[in-house]
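Below are structures written as structure tokens.
What follows is chain A paired twice: with chain B in the first complex and chain C in the second.
Up next, the complex of A and B:
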């Protein structure tokens, strides 16, 4: 009987296969055309000398060897490491903190959530320009406030070592609304019974956070960390429109090198840079998945 | 339930239509520029057929950044109108406005699709770099040979600047319409703040620097650090061997800056940046530098003749802090140096892939632009010097009416040395970003002039790899 049912189900499945594949086809075409093909081109041309127009010439690992010998690239990796740490700890930490605060639904929490969302609807490029004015030595808000206490204070935030790194970091550090929304979503999904049971057992607010809310938001926090760090790998506007990677190479990162290489008609080199960004993205995904055990259910 | 079903059906239909719309949209898309160009080509080919069949006018579409808000539009668009009026019924130029920052990218994409417009701005203008032009256009024989055009228009050919003509001749082919007008870049100073003891042109660089006193120059470090790079070019030109160094490296570019000539010049630039730079120099973009000058916060600014219109009464809204355009004087750099590179690719080139009718119209437009009347009109509007054109008294009288342009014209004499700018000799990324990025480190003494040159050399070598 059960065997018959199984056969019937399989037949039904087989009958539906053509529809399943038909509906999958557009996504598959989009995936191959816009993802696989460009990724393949990036990988292939990273081993070539290519000006973007003439036929690429195979040069083996030369682009990669040159890249690792390049001071700007080494600065970029160092900066990425630091920014990743800051993103994972402070940026995500701040977003989580706001999510927990809003979850308590204090007075004006909806308003706070809406205000917190505003920076996200302004483009990164516009923010970069706003920050250029905010950090301007003569007319910028920051220095003028500091000068109220220290009249001799003069710092060119975006153009002076080591302040440029700090200034660039501040252009994104506190805009963690995505983190807040992801975590808040998980917080609201926690069944009320768990809190009630814990309360009956005499759990304090801190214990509720430590033993119920944080563990149950583990995957949301992990996802936020992945999103935040990969955003640092791909961060371009905030740097290009403020420091352009300077002063010197103080705020250099991989996308800025990539664009600069294209300016010099070094498409092969630029794509080698792209491959490194791709590998870094996958590595971050793997690492955070492992650290947060994100493939395991939290309930 | 019914509402749910209705909603589901609606969403499914929406998805289907969305996919259908996307797929049909992407059929001819490739890129927006590509589809636009395809449309242009279709329009052009239909126009050509029409012209062939009924002898009507040929329409030539020119994508250009000399339109809209661009300062060059003030002269270029009326010039197109004059051309259309003169050749009504035969040729018609239609301008397609492209933002200057996007122009080079658009041309590069169209070249990749072999869909170049008939007339293209020459490298050195519109963001098109010479390296790309050589590697892509010249190596693939995509530029039309204008040698015959020169023979058919002897007056035009006689006006071409010899250095530019030689530079534009590659493997015996004339690949660009050579320069007729040189627009030397000098400097402007505000006489209400700074009165030089004698004409700056006749000073040595040391005299000029010591005579500045507390006066400030409007320098910049952001974007391509344009005003700062102009001063460095003038400083290099004032060093022994500097003129040759600048003028002999325009073709192959300069990749090593660890030479005494450049190190000394950078040392002097460092002094100027530390002692005589306007307070907003670090981080200043071009607009900031211009603003420093037009608000009496800087007494001098290095820039080209196109800035002259900013000092006319009708640009008064840009002035502040008591600045008056009437106080502005102009001259060239100490040591009788003017920045102008005759070894350049001229104004336009014609795509080899264009049809004969399109090439004919393009050549007619180039000949029109290069006529004496148009060249003189251009000089009156934007300044410059056409060494191979004998001007009429009427023209000279009109030039005198524009005080600043006349001053600049008169500041040059037979001993003036014309030199290339840094943009002409540095590789693209060094000229456009690396130079400006390193300047703050020169200003705060993080780098000595020697270290600055070494760092810049390293960047150039990396760009070369």
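Up next, the complex of A and C:
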């Protein structure tokens, strides 16, 4: 009887195949047009010299060799390394700290969680502008606050080395609401009896955090680190609309180089940059997964 | 006992300091921008933290009358709404069959769709730029909208697949027995029952599209196709010494996103937490 029903069901499903693939078609066309085709083009043309008008000419690894010889690119990697470290330790650290504070449900926790999200729902371009004005020497509120204590303070934050790097970092450093929400999600999922059992055994707050809460939100923290470093690889508005990579190459990064190469009609070179971004993303995923042993279940 | 009290109080002080800091850094820059839009130049410079003395809408009137700010607003609106709606229909159809039917290649398709989350959007810039050129849609708002349709593929699949899985299969079977065809089962039974997930995915995609800057900046060049986030850059140049107008422009750009978020807070927060994306 049951096997009968099963074959009947699968016959029904086979009759549906036409519909199923028809339903899948629109999203699949989007996938092929805007993901598969571009990714193949990027990989293939990164080994060519190409201006977009003439045929791509195969030049082997020349684009990559030129890239590593280029100062702007080397600065980009150095900045990315430093920003990734700051993101993984301080940005994620701050988000986790806020999550643990909110988890105890102190007065105003819902309000804090709601408000913390606001910088993330407005345009990154607008946020970059807001920061540019906040750090403006005349009208910016940062320098106006500092001048209340030190009337002679004048710094062009986004135009002076080494302040530009600091200012760009501050546009995202504390805005870790994604981290907070992901970690909170895991904290709220911890079974309550686990806490009670630990309390009965006489565990202190600190021990609770160290032996129960932190290990159980290991995956959430790993995910946060991946997301925050990936966001550093793809950071664009916060740089393009403030320093444009300067002063010198102080705040240069890969997307800024990529856009400039497209505008200069150096498509092959632009795409070699794209390949590096792509590979960095996969590498970070692999590395964090390994470090956090994220595929192992925590329960 | 006393020591324990001190420690308890210290931890309280720490918690509230942390929360206060979080609230201030999140909300203060925005309040400062909106307040400054209603002040004059001199007051912005001398009294950055004071409330505006009188409310003047002159900067807002100016940016909408002397500049094509209305145009930018309409462009942003048309692009975001059309791309979100089309994407929502496409991805709902895809997620629906991924959630409810068995067919060859099912798992592969799901993995491919969701793994697109890891592709940095900028890394595909050149091929997408060339594609839009080839289609003759460069410097055209529909070219931008077309690219935006593709942006929410991974997030939508993450959100919509479980939403359709939550619709009981018995309802589908009952409808089939009563003679409903495949499309009717989808359109009249599953879509209405998955509206929570559809709303969440729609809001997230709309916010992303409304705020997008990178592709808008490389796919358009003229004044008539500009979107709001793009316009900001040109406003900085045009109003470099008229701060209230600058702040008025910023206010117009950021306010719609904030309002939408306030209206749909729970959904945005829940979806961000479960899929761990954006930003």
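Worth pointing out:
As a working rule, the second predicted complex is superposed on the first by the 265 of 299 C-alpha atoms of A that agree within 3 Å, B and C clash if a C-alpha of one lies under 4 Å from a C-alpha of the other, contacts with A are read in each partner's own complex, and residues count from 1 in each chain.
The definition used in the following text is that a residue touches a chain if its C-beta (ideal position, glycine included) is under 8 Å from a C-beta of that chain, and two chains touch if they have at least 3 such contacts.
Note that the coordinates shown come from a computational prediction; the quantities given were computed from them, not determined experimentally.
Following the overlay on chain A, a clash is recorded for the pair chain B and chain C. Ranking chain B and chain C by residues of chain A touched puts C first. Of the two partner chains placed by superposition, chain B and chain C are both touched by A:26. Contacts of A:93 after superposition: neither chain B nor chain C is touched.
Contacts of A:236 after superposition: chain C is touched, whereas chain B is not reached.
Applying the stated contact rule after C-alpha superposition, one finds that A:265 touches chain B and leaves chain C untouched. In the superposition on chain A, A:113 makes contact with chain C only, while chain B stays out of contact range.
By the touch criterion defined above, A:247 lies against chain B but remains apart from chain C after alignment on the C-alpha atoms of chain A.
When the two complexes are overlaid on their common chain A, residue A:16 makes contact with chain C while staying clear of chain B. Chain A residues in contact with chain B (one complex) as well as with chain C (other complex) are 26, 52, 132, 138.
Touching chain A in their complex are the following residues of chain B: 19, 23, 108, 111-112, 129, 131-132, 135-136, 139-140, 221-222, 279-280, 282-283, 427-429, 432-433, 436-438, 440-441, 444, 446-447, 455, 458, 462-463, 465.
Residue ranges of chain A in contact with chain B, taken from their complex: 26, 51-54, 66, 70-72, 132, 136-138, 156, 158-161, 243-248, 260, 263-266, 269. Residues of chain A touching chain C in their complex: 10, 12-13, 16-17, 19-21, 23-24, 26-28, 30-31, 33-35, 37-39, 41-42, 45, 52, 97-98, 101-102, 104, 106, 108-109, 111-126, 129-134, 138-139, 141, 144, 174-175, 177-178, 181-182, 184-185, 205, 220, 223-224, 227, 230-231, 233-234, 236-237, 240-241, 254-255, 258-259, 262, 267, 270-271, 273-275, 277-278, 281-282, 285.
Chain contact summary for the complex, chain C toward chain A: residues 11-12, 14-16, 18-19, 21-23, 25-27, 29-30, 32-33, 44-45, 48-49, 87, 89-91, 93-94, 96-98, 101-103, 109, 112-113, 116, 118-131, 147, 149-150, 153, 176, 182-183, 186, 207, 210-214, 217-218, 228-230, 232-233, 236, 243, 246-247, 250, 253-254, 257-258, 260-261, 265, 268-269, 272-274, 276-279.
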